[in-house]
Amino acid sequence: MSFNTFGHLFRVTTWGESHGPAIGCTVDGCPPGIPLTEADLQPWLDKRKPGTSKFTTQRKEPDEVRILSGVFEGVTTGTPIQLMIENTDQRSKDYGDIATAFRPGHADITYHQKYGVRDYRGGGRSSARETAARVAAGGVARAVLARLMPGVQISGYMVQMGTQGIDRSRFDAGQIGENPFWCPDPVAATEWATYLDDLRLSHNSVGAVIEVVATGVPAGLGAPLYGKLDSDLAAAMMSINAVKAVEIGDGMASAALTGVENADEIRMGADGPEFLSNHAGGILGGISTGQPVVCRFAVKPTSSILTPRQTINQRGEEIDLITKGRHDPCVGIRAVPVGEAMMACVILDHLLRDRGQTGGVRGVIGGQ
Amino acid sequence: MSFNTFGHLFRVTTWGESHGPAIGCTVDGCPPGIPLTEADLQPWLDKRKPGTSKFTTQRKEPDEVRILSGVFEGVTTGTPIQLMIENTDQRSKDYGDIATAFRPGHADITYHQKYGVRDYRGGGRSSARETAARVAAGGVARAVLARLMPGVQISGYMVQMGTQGIDRSRFDAGQIGENPFWCPDPVAATEWATYLDDLRLSHNSVGAVIEVVATGVPAGLGAPLYGKLDSDLAAAMMSINAVKAVEIGDGMASAALTGVENADEIRMGADGPEFLSNHAGGILGGISTGQPVVCRFAVKPTSSILTPRQTINQRGEEIDLITKGRHDPCVGIRAVPVGEAMMACVILDHLLRDRGQTGGVRGVIGGQ
Amino acid sequence: MSFNTFGHLFRVTTWGESHGPAIGCTVDGCPPGIPLTEADLQPWLDKRKPGTSKFTTQRKEPDEVRILSGVFEGVTTGTPIQLMIENTDQRSKDYGDIATAFRPGHADITYHQKYGVRDYRGGGRSSARETAARVAAGGVARAVLARLMPGVQISGYMVQMGTQGIDRSRFDAGQIGENPFWCPDPVAATEWATYLDDLRLSHNSVGAVIEVVATGVPAGLGAPLYGKLDSDLAAAMMSINAVKAVEIGDGMASAALTGVENADEIRMGADGPEFLSNHAGGILGGISTGQPVVCRFAVKPTSSILTPRQTINQRGEEIDLITKGRHDPCVGIRAVPVGEAMMACVILDHLLRDRGQTGGVRGVIGGQ
Amino acid sequence: MSFNTFGHLFRVTTWGESHGPAIGCTVDGCPPGIPLTEADLQPWLDKRKPGTSKFTTQRKEPDEVRILSGVFEGVTTGTPIQLMIENTDQRSKDYGDIATAFRPGHADITYHQKYGVRDYRGGGRSSARETAARVAAGGVARAVLARLMPGVQISGYMVQMGTQGIDRSRFDAGQIGENPFWCPDPVAATEWATYLDDLRLSHNSVGAVIEVVATGVPAGLGAPLYGKLDSDLAAAMMSINAVKAVEIGDGMASAALTGVENADEIRMGADGPEFLSNHAGGILGGISTGQPVVCRFAVKPTSSILTPRQTINQRGEEIDLITKGRHDPCVGIRAVPVGEAMMACVILDHLLRDRGQTGGVRGVIGGQ
């Protein structure tokens, strides 16, 4: 990953600012002959779209994606796919007073220090709006995976909001799309609605933990040592705005385990090796095991809040700042489809890299 | 990061297997004119070296590093620096019985599945022995930082072993080198000695959490959006053997915070902006703030234990396996200097990338 | 260079097809604070624009470039610059009969074989139209060079059309913009007009040799061994449509020289070393010498001609094909601004890479 | 290609100086399961080895290559292959007088200016000795190609020495290994012996043109637009020491052709498309056509000659310099196996990249 490009064979370069004319991305290295239209991408963008409930920003953006290149007569041609999303709701006046102030928790001050200049309108390049481009690219990755590896399923959901975690015993995948939090625990979802509403009304915000799981990923993806599947997932998730931690499998909790507990024992199943547990999160030595790939990441609370915070401005004056505007009380909600998109891109990139190096041939175990 | 290379301008390519004739790395893109001898690198390798206490593997490796290129008359020339460490203690017979068995928690099975062939001696390429090459490269990065940015200090230590965390109120940096665990809390260090000895004697092992902090890093390092400083740190740390999670600043805990709590408020100090807290871990929007860069990672327990675990072998037969040999009961101990090395390499790479793009010029705040 | 991206720190990713809605590029890694508007880029695009004389294709394209991101309040922000050029004159019916035929000398057959699908309208991605995006990116590079290294001047011109070379004794830089061929020899320019008109009227086309010279490039740019300045120039020029050869300095002719003749002897001038000749074309060991960087490339004749040629179609049928449409009789003419743009991008990329690695410090000679 | 690494999936990183303890390279991304021993590599190194006739340097180097990693039980494991060649004949005293002088035509002055420091012994990193590492890597590439694409044959030879070209009507591939010049024309080879001996005895040297042809390359390799097969070949060949020009197919001569002449007409053969000529050198639009891939490059005369040349030294003093030592009167001779090695590496890299993106599937023509 370097600058605004990620991926090695399936490469995504994003561009655009929150309040410029448009944002978008170039998807390069896409396999040819994959059916693709805007209609394949739009549902993923709609999932991330602002303004779908009172728990996300009220900014109104249709987030309509256009394919400008790389697709001909309904299929990918193997050439770069340009995806563009026009910005339509650019109420720049909402942000006028932050032109010279540095909002705490935001990248205002670091962009200013690094570049000496910044687009202050809505955070400019550092806005979460950039993640729409990732979701569009993820849609392309999903379309390719559907052809090359149809068994792969990618699902993201929220497992913790603020101090409130889900109860894993109530986990119901069918519930994920039934509440505004992508929460698989219906009881938690109900509680979170009140919890978040209270925070919102008290001019506050809160963090979250998102889990993204990919099932159906075959053994053998990942390119050790510095292109490990988990290493690339860590970079991908950490690159999402507001993410402060990434876990694979048991993650931080694995520190508290003993070797006896942590060993994912292996038995021989009808279709090959079977693991009796998945502390590893589906990755050993940077290479997928065939078990579900499990990745979690923590999203910090939205920094834009209506409670005044102490800060400075460009002239070095100390001020108290309220960040007006239309903000998500829990930006983690909209990070769910973004995390899914990054998972899709990383897995596809590794699928292509693996078949480049090994031809996709797998080592035999038993009479496989 | 791709395959066995990491870094963009300061690039490190490692090579070698646990029981081959040697391991090493090529450090490319190093600034010229930096004083460098083997004596500058050896202390870091000695810190990671096995066999220094009963709490690390009893394998005896002098880990003597040789500089084969890129240095002339005591200074770097700007050309690739080849660092080679010969493997001297290769008791291959210790590992004979795992030639066809897949040790649970190890990469044996995934290397076999991906490549169809693997060097089974001591884990081959997936051995923690590879990290010696990283430490050597980190030594070069430190030597360069000492010249280009002498205020940077990088310090790693263990903050949790198994279920036992340190007491932050007893944090004493001077203690870190005084116990075999790189533990800054002398009370915890004493307790851990008993704790780990018990685990070792019961043929078990345990995980750990390592914290690496870089102070003196100026504001402005990091290349958003996919070359963010935290994204590169996440990839770097996750690429270390046995690491399962990476945190920046408050990490996973930031999910439980509110926006009011999480805001690192800013005041104007004598030398420029000052933050009243550091929940962000020194990074906002992927760019350093000038505060300490704080990174933590979890290391899973050593998978090689003397307690039998269920597994299979290459013929698909189900077996019980004891992993004999000379293993670390807590591989996290030796991960401390490795984490420091990765931090040094990442920071230097970003320093070079930043002065490439911006010329090192910084935006002005107040009368700075 | 990989896929549709070139450059290491100053990175350009192009996208788009000849007859799609638009073409464009993302310029990433651009230094911040550089004044930039569409008006800075348009003159370079106008230079390459079709339809400016009877010697170039009569396709009418205004080639108006829009900056969609990366520039705020008139200066670059250090974030990705998206440049988009809409395709307005897409007479797809002109190309209808080549939907299934493979035009000799074109990439039709290889795109079909590699990808199994291709955008046959006007050559799709392999069209010379893509070079408009390079010229736009080159305009950005020139704007940056004007700030960082104002002494650099880049000039391209045609030195041979078909069998007709210029007379170097008549070289007059002032003439380059005064004829439709970018020819520095006014006599040759007159002769070429007749020569090319005859070829055009006889339904033929012809090749050319372009020379691009950069003066004011300081010593020290280039990153041996695989990022040599000449190596990157060779890749850059060879990537331009229809280019079949690249020369640095004396190029192919250097094979016929003796060592005594070829030595560029060095004397000490007022401002440092001075070379008595420039057989090397300003590059030694992959690093610039401070002399003019001299690069030449050969462009093959336009493959689209009205003279029937034998070929096959997708069904494997043998046919005779006339390529109708509005084609350049000498595509080399429009390659001149493209070659200049590639030179600008390569030099700027190396300037940034050099200051990244060395900080821009130079070794001293004499009392410099 | 960047710094000291080339290739995208099959990646080679070279290191080492002429008079350091060793040189070598890391070959990363190699497909697993390929039989490989030192005996597979040594013949290619022997072909490049100095001192095999009076027409090459009399430096005595056995150039014995050792495989330090990445191969286990006789086959590649998919992990990095480290190849090391020790320098044994390091008569540093031969080079003593050039410690501070800049040899005309050499990289002495540019390395000094860029890095401020240089290893002056035998040219250090800029020595042609580095090419031994390329030849070793090329040997690995050939071993892989022999497995994955056994029809590929790569052959290099000299087609021009100084002013003396071969007569193509006497081309006899069987002659290439029968003379010290890799010359396919036995009459020219005899004449060259006298020609070069005269030059050598008159303390002079001379340039050459090398042609490298790869047959059996299937259609479809190459990744437009900036990873074109010809673009990567141009970069690869231009990165070889002393190379000043690269041609594909008709190369510079294509500028003098008309479109009617240049069209490689296509007919349908028993096994698919057949071209009636190969002006394109086997590449259209950056993608291989299935015809022989034809690449030529010009090597300038050896700059180290016994005839005094004017130059300066580090103190800025003007001097006359004779470059003593054991030098090749025509360094182009030893560039032949180097050019072959680069061709092998580039083709293999593109084979892996292609099967990564497309899965190796090809578009159908006729009833194929």
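Order as written gives the chain letters A, B, C and D; numbering starts at 1 within each chain.
The rule is short, and it goes like this: contacts are C-beta pairs under 8 Å (C-beta built on N, C-alpha and C of every residue); 3 or more make two chains touch, one makes a residue touch a chain.
Keep in mind the model is a prediction, meaning the values are calculated, not measured.
Visitor: Indicate whether more than half of the residue numbers at the subunit A-subunit B interface occur in both copies; give same if so and different if not.
Guide: Since more than half of the residue numbers are used by both chains, the interface counts as same.
Visitor: Please compute the angle of the rotation superposing subunit A on subunit D (C-alpha atoms), rounded to a multiple of 5 degrees.
Guide: Superposing the C-alpha atoms of subunit A on subunit D needs a rotation of 180 degrees.
Visitor: From the C-alpha centres, identify the chain that is farthest from subunit A.
Guide: Relative to subunit A, the chain whose C-alpha centre sits farthest away is D.
Visitor: What whole-number Å value describes the gap between the mean CA coordinates of subunit A and subunit D?
Guide: Once rounded, the distance between the two centres reads 45 Å.
Visitor: Could you grab the centroid distance between subunit A and subunit B? Build each centroid from C-alpha atoms only and quote it in angstrom.
Guide: Those two chain centres are 26 Å apart.
Visitor: Taking the mean of the C-alpha atoms as each chain's centre, how many Å separate subunit B from subunit D?
Guide: Subunit B and subunit D have C-alpha centres separated by 39 Å.
Visitor: Multi-chain contacts in subunit C: which residues touch at least two other chains?
Guide: Where subunit C meets two or more other chains at a single residue, that happens at 3-5, 14, 29, 32-33, 78-79, 111, 114-117, 125, 224, 358.
Visitor: What part of subunit D is in contact with subunit C in the complex they form?
Guide: 1-6, 8, 14, 102, 104-107, 109-117, 125-126, 130, 160, 162-163, 199, 204-209, 219-228, 230-239, 241, 244-268, 273, 276, 279-281, 283-290, 298-305, 307, 309-312, 314-318, 332, 354, 358, 361-368
Visitor: Taking the complex as given, what residues does subunit C use to touch subunit B?
Guide: Subunit C reaches subunit B through residues 9, 29-33, 78-79, 148, 224, 352-353, 355-360.
Visitor: Under the stated contact criterion, what part of subunit D meets subunit B in this complex?
Guide: Going by the criterion above, the answer is residues 3-5, 11, 13-17, 20-24, 26, 28-29, 32-33, 66, 68-70, 72-73, 75-82, 111, 114-119, 124-125.
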